[in-house]
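The structures considered in this document are given below.
The following pair of complexes shares a single chain, subunit A, combined with subunit B in the former and subunit C in the latter.
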Partner chain A sequence: MNPGEAYLLPRDSPLEQMATFAGVCGLVGFVVCGAMAVATPAAVAESYLFAFLFWSGIPLGSLAILMLQHITGGAWGAVLRRILEAATRTLPLLAILFLPILFSTGLLFEWARPEVVEHDLVLQHKRAYLNVPFFAFRAVLYFVVWIVLSHFLSEWSRRQDRAPESIGLRLENISRGGLLLFVLTMTFASIDWAMSLEPHWYSTMYGILFIGGQVLSALAFVIPVTAVLAARPPMLEVMTADRFQDLGKLLLAFVMVWAYFSFSQFLIIWSADLPEETPWYLRRLSQGWQWAAIALIILHFMLPFVLLLSRDLKRSRRWLMAVAAVVLAMRAIDLSWLVLPAFDRGGLLWVPSDFAAFLGVGGLWFYYYVRQLRSAPMLPLNDESLPEMRGLQP
Partner chain B sequence: MADKKPTKGSKQKGAPVSAGAGSRSLSSHLPPVVEPGYTMATVADKISEVVLTQNTPRGWYIGLAFSFALTMLLLVSITWLLVRGVGIWGINVPVAWAFAIINFVWWIGIGHAGTLISAILLLLRQDWRTSINRFAEAMTLFAVACAGLYPLLHMGRPWLAYWLFPYPNTMGMWPQFRSPLVWDVFAVTTYLLVSLMFWYIGLIPDLATLRDRSPSRTGRIVYGLLAMGWRGSARHWHRYEMTYLLLAGLSTPLVVSVHTIVSFDFAVAQVPGWHATVFPPYFVAGAVYAGFAMVVILAIPLRRFYGLQDFVTMRHLDHMARIMLATGLFVAYGYMIETFMAWYSGSVYESSLMNNRFTGPYAILYWSLLLFNVLIPQGLWFARVRSSTTALFMIAISVSIGMWLERFIIVVVSLHRDFLPSSWGMYYPTFWDWSMYLGSIGLFFSLLFLFLRFLPMISIFEMRTLLPESEVKEDLG
Partner chain C sequence: MSAGIYGLMAEFSDPSALVSAARKTREAGYVRIDAYTPYPIEELDEAIGIHHTRLPMIALIGGIVGGLAGFGLQYWTSVIDYPINVGGRPLFSWPAFIPVAFECTILGAALSAVFGMLGLNGLPQPYHPVFNVPRFALASRDRFFLCIEAADPNFDADETWSFLSRLQPRQVSQVDE
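What follows is the complex of A and B.
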């Protein structure tokens, strides 16, 4: 028997059942979206963009955490590695799921409508950057960079399972340049895909605020997955209370980072009160969106912040899973608050197509994610830090 | 008595590496934190010898004399400033903020490495911090002291500085709490007080060691008073560790908050070049960058002069170089995103500011900034550069110059050409601008030389916990 077999995802894992269910939801979601698109293509495109930006945040944030972990080390990394790698291996699927956005730029982006640009001097100035062919070229470039990085990170890590060679330094080296490339590409991707929805508005904080949010999404996603896996071997052996505490600390750190970035951007724009900057916040603080904003302050920051200060909570599998689930749900609200107020919806926050698109993209993505998780042992078998972690097991 | 039982930190040895702890993957291919061959006693000998010796090295006298002369220059400059007013500086409308603010931000940024090393790295259980934290904390205090001088003197009437505080008075005055300049008063004061407490509490067990070892009566009395009756009992250690951890927790937000508020001083304004939302994290990264550069600048000559290569090892320098590289890249990201957004904004003011930076009368400084702060530090990617003390020292100097230029670009270049071309102007530093700046460097080094002579520059008791013999064999099963 292959020694790695005991470490594969068990066939009867709850994740497998969830994946089947998610796959069905995904198909239904896509069919519903398709049907709605016949009547209201623009509304569906808007919903789809929001759903795509939320779900793509998980694998992209995972890519960032994975590389960060290869650079800094730490025992928490080895237990999370396969769970993160599986998320980054879904990037090819996301590249395909990006195609509908690429083909509906005219519906989504003002700068892609020649009749608007014609009467707008600022958009004419930006045409050198904001034009459909360059937008498409950049999107291809971003996905190539991310897919190549995730490919090497996960293939080298898997090769180590078969032959116990020390691959740590190689992974560390690719991660250094990789993280730099990731931050640059993701900054511009966030400008292209989200910030340019309101093409007059700009903020130098936007890129890292977006990346910070993605890392938080990824953490809030992998914590529940890890917690589910930790209910039985092999993850049961390594996911001690110490490991959960490490994950809880990370979650707390990124909740704070997100709040710090968001608040700084808000304070600076509020204080200067410039006519070219405030409309972005005015739209997000009126017509009902102010309730979403208040919910973000309370549930995206205050509640997880206060709860995660507790050592006992961080060490409890169930409680940490619950807090992470709240954060993940708030990540979805945050993304919808970032993206949807850009469109005129006549006072409605969320419309049915938002839910359909969210389920459609999310269902397919999760199905594919579990398939990736299944394709390799859940722990890096020959990692240097693994025996040590077991040694700490009481 | 304090000599015998240093237990602090030893139980952390068996503890798991926490989130973000980074030494594991690095430790495999890097030299150790303490070179082998030391015992509890020889560590104490080696470090306390610098303080307790009767023969002060001649180099120390020369260094102190030189820095003290510069401190005198500072005193002359301050006297002249109080006699004549801030008009002796080159400031005028439109550039009303210049050297005083640049130097304030520069010094306060330098202080950040000390706090990061002492608080965050302690909480992350990075034990390599032990041999550099003491003098890095001292550096923080002295840098904050230098920084604090400038806003006070810049006010023109420093004897009225207490007006900054909200206190009941008959003049009907109250600070404008919407202004980050007022937040600065509180942020910097808190920073100074917490850093001072942290540093002093960290010193107490070592002061007791010096008290017990001092050959002179005066030494025993002075160190004895400062040690506040430290006996090294288990109860003392227990309370000590509790206090130290609490203070570390208290200092951690300060690493971020102080420079965030300094960045708000600029960013809440409308002036192009000041008003950028990325400023808070970019300022914090710049502060840590400059701070580690200063620690490297101090550590490299110190370890050679006092023969401390076994305690401040190449591994420390390598770690600091990596932190410099990471924060430096973030600073470079700030320059990049500012330049891109200046174009992307389509705002004529933003883009003309950027043009002015690249091609205006101060363009040479902007290009030098890119050279010193972005290009030269890229050498840190290479292990060969990180393992050469000369190269590392040169890069750290380059970063210090670069970070000073960055503040010059932000403060002066943004101000000298704002919205109305009719009110544009130039700023040229005067003799008194330079004399204040050099004088504050003198003050910083004078304090540092006094610290080196009279207090242990490396924490004796914490160093002992890094020795193999202090390892506690706990039964983990």
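What follows is the complex of A and C.
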């Protein structure tokens, strides 16, 4: 018998039922989106872009955390490793899910409409970068980089299971360069896919703000997944209160990083008060979006910040899961606040196609995620910090 | 209680032996115990029965006081004491006050954590009986010590000595007052 078999995702795990449910939701969501797209293709494209940016944040943030834990080490990383690897292996699916965006650039982006660019001097100057063929080329490049990185990270990690020889250094080295490459490609991707929705506006903070948000999304996603898995073996034995506390500390740190980046961007633009920069915030602080902004300050920062200060809360599986769920929900609100005010919706914050696209992309993604989770042991069997995690003394 | 004795001390050569000895000591009903190690050991707090300290609360209060003071100082200087029109912005430009208030929060929390820690530990302390054991100098190198204090209600010089010896330490020493 394969020694890793005892470490596979249990067949009766609640995640399996959730995956089936999510798969059905995903199909329904896509059918509804398709039907709506006949009448209002632009509105559906907008919703789809928002949904894609939210759900792709989880695997991309996971890729960043995965490489970070290979560089820094530690028991928290070893328990999360397989859960993160599974998330990064969904990137090929996301590359396919990106195709609808690629084919609706004209509906989404001003710079892709020749009749707009014709009368806009600034966009004519930006045409060397903001044009559809180059946009498509860059998107392909980003996905190739991410998929190659995630492939080797998963592949070598699995090889470590089969052969006990240390492959850790190789994983560490690919992570060093990989993290650098990820931050570069993701910065450009966030500019292409989200910032260029308002092509006159620019912020040097945007890329890193986007990445910080993705890492937070990924943490807020893997904490509930880990908490569900921790209810039974094999994760039961390693997910002690100490490990949950580690994850809680990381969540707290990234909640603060998000707030820090968000506020830095706001403070710089608010202080300079320049006519080409302020419209971005003016749109997001009027027409109802100000309520989303206030909700973000309270529920995306203040509430999780205050709660996560507590040691007892971080050590409690259920409480930590609840806080992470709130953060994850607020990540969706944050993404919608970043993306959707760029479009003219006549004073509506969210429209039905937003929910349909959110369910469609998210459902399919989660179904595929659980499939990936099933394909490898839940723990890196030969990781050097595994004996320590199980509480065995060296 | 024996006069002139601070307690009994057992010496261990690795951290896990110390942690398991500390657990057994707690199970045997001793409460006035302390452990000394060259570096922090994660499970030790819990093993010697320290669950909660007041330090996080002190740091939190220090942080809140620091933050409010930093914000208040800026409000007072730029709105009340010396109002200046800067580029037409309102006098009470709260976004600009946030970074300084944030730094003051950290300053307040850090200072109250350091001084709170010293205060709760009773430091600086020029004399402590554990240093009367010559081998105790090794606690800052590679040895791990567990001390049962004579003030413990269950302390009995002979019985506690034989209890400690059963934990398989490298050696048991008497700590003089």
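Heads up, the rule we're going with is that the second predicted complex is superposed on the first by the 391 of 394 C-alpha atoms of A that agree within 3 Å, B and C clash if a C-alpha of one lies under 4 Å from a C-alpha of the other, contacts with A are read in each partner's own complex, and residues count from 1 in each chain.
Rule of thumb we're sticking to: contacts are C-beta pairs under 8 Å (C-beta built on N, C-alpha and C of every residue); 3 or more make two chains touch, one makes a residue touch a chain.
Quick caveat: nothing in here was measured; it's all calculated off a predicted structure.
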(message) Under the superposition described at the top, does placing subunit B and subunit C together on subunit A give a clash or a fit?
(response) clash
(request) Considering only touches as defined above, state whether A:242 meets subunit B (first), subunit C (second), both or neither. (result) both
(request) Using the superposition described at the top, determine whether subunit B or subunit C touches more residues of subunit A. (result) B
(request) Could you tell me if A:267 is touching subunit B, subunit C, both of them or neither one (first, second, both, neither)? (result) both
(message) Applying the document's definition of touch, where does A:129 land relative to subunit B and subunit C: first, second, both, or neither?
(response) first
(message) For A:163 in the superposed arrangement: first (subunit B), second (subunit C), both or neither?
(response) neither
(message) I'd like to know which partner A:276 touches here: subunit B for first, subunit C for second, both or neither.
(response) first
(request) Look at A:311 in the shared chain and tell me whether it touches subunit B only, subunit C only, both, or neither; answer first, second, both or neither. (result) second
(request) Give one of first, second, both or neither to describe whether A:38 is in contact with subunit B, with subunit C, with both, or with none. (result) neither
(request) Determine, for the stretches 45-53, 63-71, 135-143 or 153-161 of subunit C, which one clashes with subunit B when the structures are superposed. (result) 135-143
(message) Please report the subunit A residues shared by its interface with subunit B and its interface with subunit C.
(response) 242, 267, 271
(message) Help me check something: in the complex, which residues belonging to subunit A touch subunit B?
(response) 70-76, 121-122, 125-126, 129, 168-169, 172, 176, 180, 183-184, 187, 191, 200, 202-208, 242, 245-247, 249-250, 253, 260-261, 264-265, 267-269, 271-272, 274, 276, 384-385, 391-392, 394
(message) Under the definition above, what is the set of subunit B residues touching subunit A in their complex?
(response) 16-26, 28-29, 178, 256, 260, 264, 267-270, 275-281, 329, 333-334, 337-338, 341, 344-347, 381, 476-477
(message) Looking at the complex, which residues from subunit C come into contact with subunit A?
(response) 16, 42, 56, 60, 87, 89, 95-96, 98-99
(request) Enumerate the contact residues on subunit A facing subunit C in the complex. (result) 242, 263, 266-267, 270-271, 273, 309, 311, 393
